[in-house]
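In the two complexes that follow, chain A is the common piece, with chain B as its partner first and chain C second.
Our next item is the complex of A and B:
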């Protein structure tokens, strides 16, 4: 067996040019399969980590997935707002322990701004019921003195290089306008706190109080400043800054088993069309919807792997012609047909192994290199952890398919007769 | 040299017993042994791929028959012992024997009432209030039971579901009225249950307890710290 391996290696080294290309193509196919699987798992875990210990998310009557996407993940815009009266009615329900209203719609240099109450920092949890922690400073206190205070998520502070005391200006709209955004320039905010990194959309958000959102929109109408109406920041405090409309609300219950009753109450609330969703159920609906796309991508990656293995077979088969003399010599020194088959199969298996290992390395490297960019851009954390069971399954499948594929040239060589090799009729 | 000339030589230290090999006389016949081994390897290697395809394939059709989670090891055997000691119950067992939420409505004829009729709405409200205060069956509290149901996830983590609700029928959270308070079980698995999604069918095994909350749901609600959470199969035990 060792001698066979030795001969196979030497023989392969002799043709290292072509075989290197085959190794590369197998590596790319394996990297594609493994990266896809890693991305799929990490996106799912990232989404499911985003909110925890919240029983219901209440918002305008859209759809469960859309409500989760814009209220929790800050992806996309809200279709409608809900009135604060409805939020108070939900809070008054006897099964509800706490309600945290959320107001979205502004941004700061592309990062969404969230208007909320101080209870947000007390009740919001992520991951495995982990609370939000401050890395620096403090939260805003919700009083009128601290009206223009902001708390940044970890990503915002890191990417924009902000520290405590930094003055920031919020823009109207969801951002991405690249400088054309209408700014609330007359009412700058001061950063008073920075949150610890969570790996959730919280990192990409700027948190201010609900009253502050009302204040900056006092002299605005229809998405633009009302001409001739200018309310100075300190004068804004004198106005009624209680919010009338919010985007959504997070609800926590006293008894988790009462969730259906509160959901039913919200769904049948007569004053306004509302929707309440269980976060876990809505996310599962999302995965069911994208599951078809995932399977299609996986199938395509599988086809790519098959194509690269077919190229392996083609290359080795094509090279058999030149190796007839080599194989005949081996036969002459006593190698049986079995050994010749084993030699070719082993060579194919080694090439596949080298390609698969290189592909696994490439997949891991791409996670390390592209991870920070994806984290910053989409809020999804790619974890460079040990391979999952599914990744191992794909890796072994590529190896097995390669071994099977390399039996084809081996069989061909098995059939070549000794005489044909020693006196080739070319 | 003629093709079937017998050559006795050494290759790799092992004598090549070609002459005594019956299949050598027919060079085209494959060696069954080697191919069988390779086929076995391939089959073994492709099993996880099949499982992967199955697990990500249509979960919304009939649940696949998979063996329960109990496998090897001391924890699993303890779990297996607990599972076999549990009594398989149905959802009716969670309802106390004398409870009849419809006893106030026996004299009314539902057929004559329109759905939008205010009296029907009133009745529905009363019925729901009765359901919200549905009492637990004291006889069954504290027993180790095995109960099938549908999963409504509450807390999901990387390791699996850490908290979920078990409900007796499909779509309990969507369009049908919520189940009565004694037909919802709050499940906290001892080991996070991996691979379960919303509305999956499962067997839960654990000891029933109640949660006394003096605020909502005047009666207490059921809770189980599940020793075992396994996919639902039809096989009775």
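Our next item is the complex of A and C:
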């Protein structure tokens, strides 16, 4: 065996140019496979980390996935609003610890505006129950004096280059109008705080108070400014700014055990059709829906790995003809066909191992190098952690496939008759 | 004779053992133990050093390794000395050598561990007259030294007088024909 290893190593070194290419192609495939897997798990975890410490999300009756989409991910519009009375009724339930109402529907340069209460910054949590933290400034006041104050998510501030004191104007609608959305230009807001990055939709949100949302819509009706009616910003403070309608509400319970109890209470609420979803359950459903694309990605990278393994087989097979003489010499000095098979399989195994290791290194390096950029660009936080069980499984699968693939040329060489080997034609 | 092809009729024996009695693996082992082969050309693994090429049979045959009394390395060195290959070449890659030098290395490799039978398939056809003569002298001398029988195939009838017995294949074929 030692003799074979020695010969295999020397033989491989001799053909290092070709083999280096094969190693590289296996490495690239492995890296692709592993980083896609990493991306997939991390997207999934960012996804499931978008909201935590919230026991229920309450909204108008619709699908649980849709409710999560607009209330938590700010994707799509709400089918209907819920009345503030309903929110108060839920808040009055004895098992409920806190309720944070959410009002959506406006935007600033494509970023969604979230109308809420000061409690949002106290109760909303992401990841592993991490609370929101301010990177600069303070939260909005929640009083009439601080009516036109806004707190920006990290990405909004970074992308638009906003700092404290910046005046911003909100647009009516979700920014899908291609700049045609009417603006609330008469009532500009002042940025008073910027949140730390979370890797969740919070980064993409502009936070203002519920009263501010009411105030900028005082002189609006039916989604457009009412002609001839203009209420100056200072003037707006004299109106009743308590919201009548909100989009959804986040609910925290005193005791998690009561969650189904409260859910039932919400579902059976008579004044208005409501829906309460458990974020974890809805996220799983949502993930099942978007998981299809992710599985397609994994399948594609699997194909890439397959192709590069096929190239390994092709290279070794093509080389086999040239190496016939080499194999003949080996057989002449006493190597059995089994040893020739072992020689070729060993070489394939070494090449695959080198390729897979290099690929794993490349994948790890790309996570470290590209991680910050991906975090900033896509809000997905990639963590350069130890490989997950799935990644190990993929790694081992690549290795096993490579060794299996290198048995093919080995088998060909094994089948080459000894006579053929011992009488090499020149 | 090397147990590569099976006799369709009759027997081929090596050292009193019929090749046909042995299974594949055992045939390979027996060949490795008792037969040294020199081809016409391309005898060596190009990527191994000259010394490693010579030692190769000892790696596959314990018997031949055990016959090298002072170890395979030492035997290889003394064989290379006797085939008059300059010591500066010993650690070179085999494909760095000229054809004549390669044939001498091949002879050393066939001879290491004193196999009973040396099969040589036109080993001189790639050599010029002067090199051919010196190679023949070396080969015959070393076979005599190690007590190996040499079976030598050649088109070159000028070599015939050097051997104890000569068989002409055309005549053999005539004799075998019914």
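Operating definition for what follows: the second predicted complex is superposed on the first by the 330 of 426 C-alpha atoms of A that agree within 3 Å, B and C clash if a C-alpha of one lies under 4 Å from a C-alpha of the other, contacts with A are read in each partner's own complex, and residues count from 1 in each chain.
Heads up, the rule we're going with is that a residue touches a chain if its C-beta (ideal position, glycine included) is under 8 Å from a C-beta of that chain, and two chains touch if they have at least 3 such contacts.
Everything numeric here is computed off the predicted structure, so don't read it as measured data.
Undergrad: So, does A:396 touch the first partner chain B, the second partner chain C, both, or neither?
TA: The answer is first: A:396 touches chain B but not chain C.
Undergrad: Have a look at where A:13 lands relative to chain B and chain C in the superposition and call it first, second, both or neither.
TA: The answer is second: A:13 touches chain C but not chain B.
Undergrad: More residues of chain A in touch with chain C or with chain B?
TA: So, of the two partners, B touches more residues of chain A.
Undergrad: In the superposed arrangement, which partner chain does A:329 touch: chain B (first), chain C (second), both, or neither?
TA: Once the two structures are laid over each other on A, A:329 reaches chain C alone.
Undergrad: Considering only touches as defined above, state whether A:254 meets chain B (first), chain C (second), both or neither.
TA: A:254: touches chain B, not chain C.
Undergrad: Shared contact residues on chain A, chain B side and chain C side combined as an intersection?
TA: Dual-contact residues (chain A): 3, 333-339, 418-419, 422.
Undergrad: Under the touch definition given earlier, write down the residues of chain A that touch chain B in their complex.
TA: Chain A reaches chain B through residues 1-4, 45, 48-49, 52-53, 55, 94-95, 127-129, 253-261, 263-264, 278, 280-281, 283-285, 287-288, 291, 294-295, 298, 333-339, 341-342, 389-390, 392-394, 396-397, 399-400, 403-404, 407, 415, 417-419, 422.
Undergrad: Which residues of chain C touch chain A once you look at their complex with the stated criterion?
TA: Against chain A, chain C makes touches at 2, 4-5, 24-25, 28-29, 31-33, 37, 39-48, 52, 56-57, 59-61, 109.
Undergrad: How about chain B: which of its residues touch chain A in the complex?
TA: Touch list, chain B to chain A: 1-3, 7, 9-13, 16, 18, 27-28, 31, 34, 38, 41-42, 45-46, 48-49, 51-52, 56-57, 59-60, 128, 132, 152-158, 162-165, 172-173, 177-179, 181, 184-186, 197-199, 211, 213, 215-217, 221-222.
Undergrad: Over in the complex, which chain A residues touch chain C? Could you list them?
TA: 3, 6-7, 10-11, 13-14, 325-326, 329-339, 418-419, 422, 424, 426
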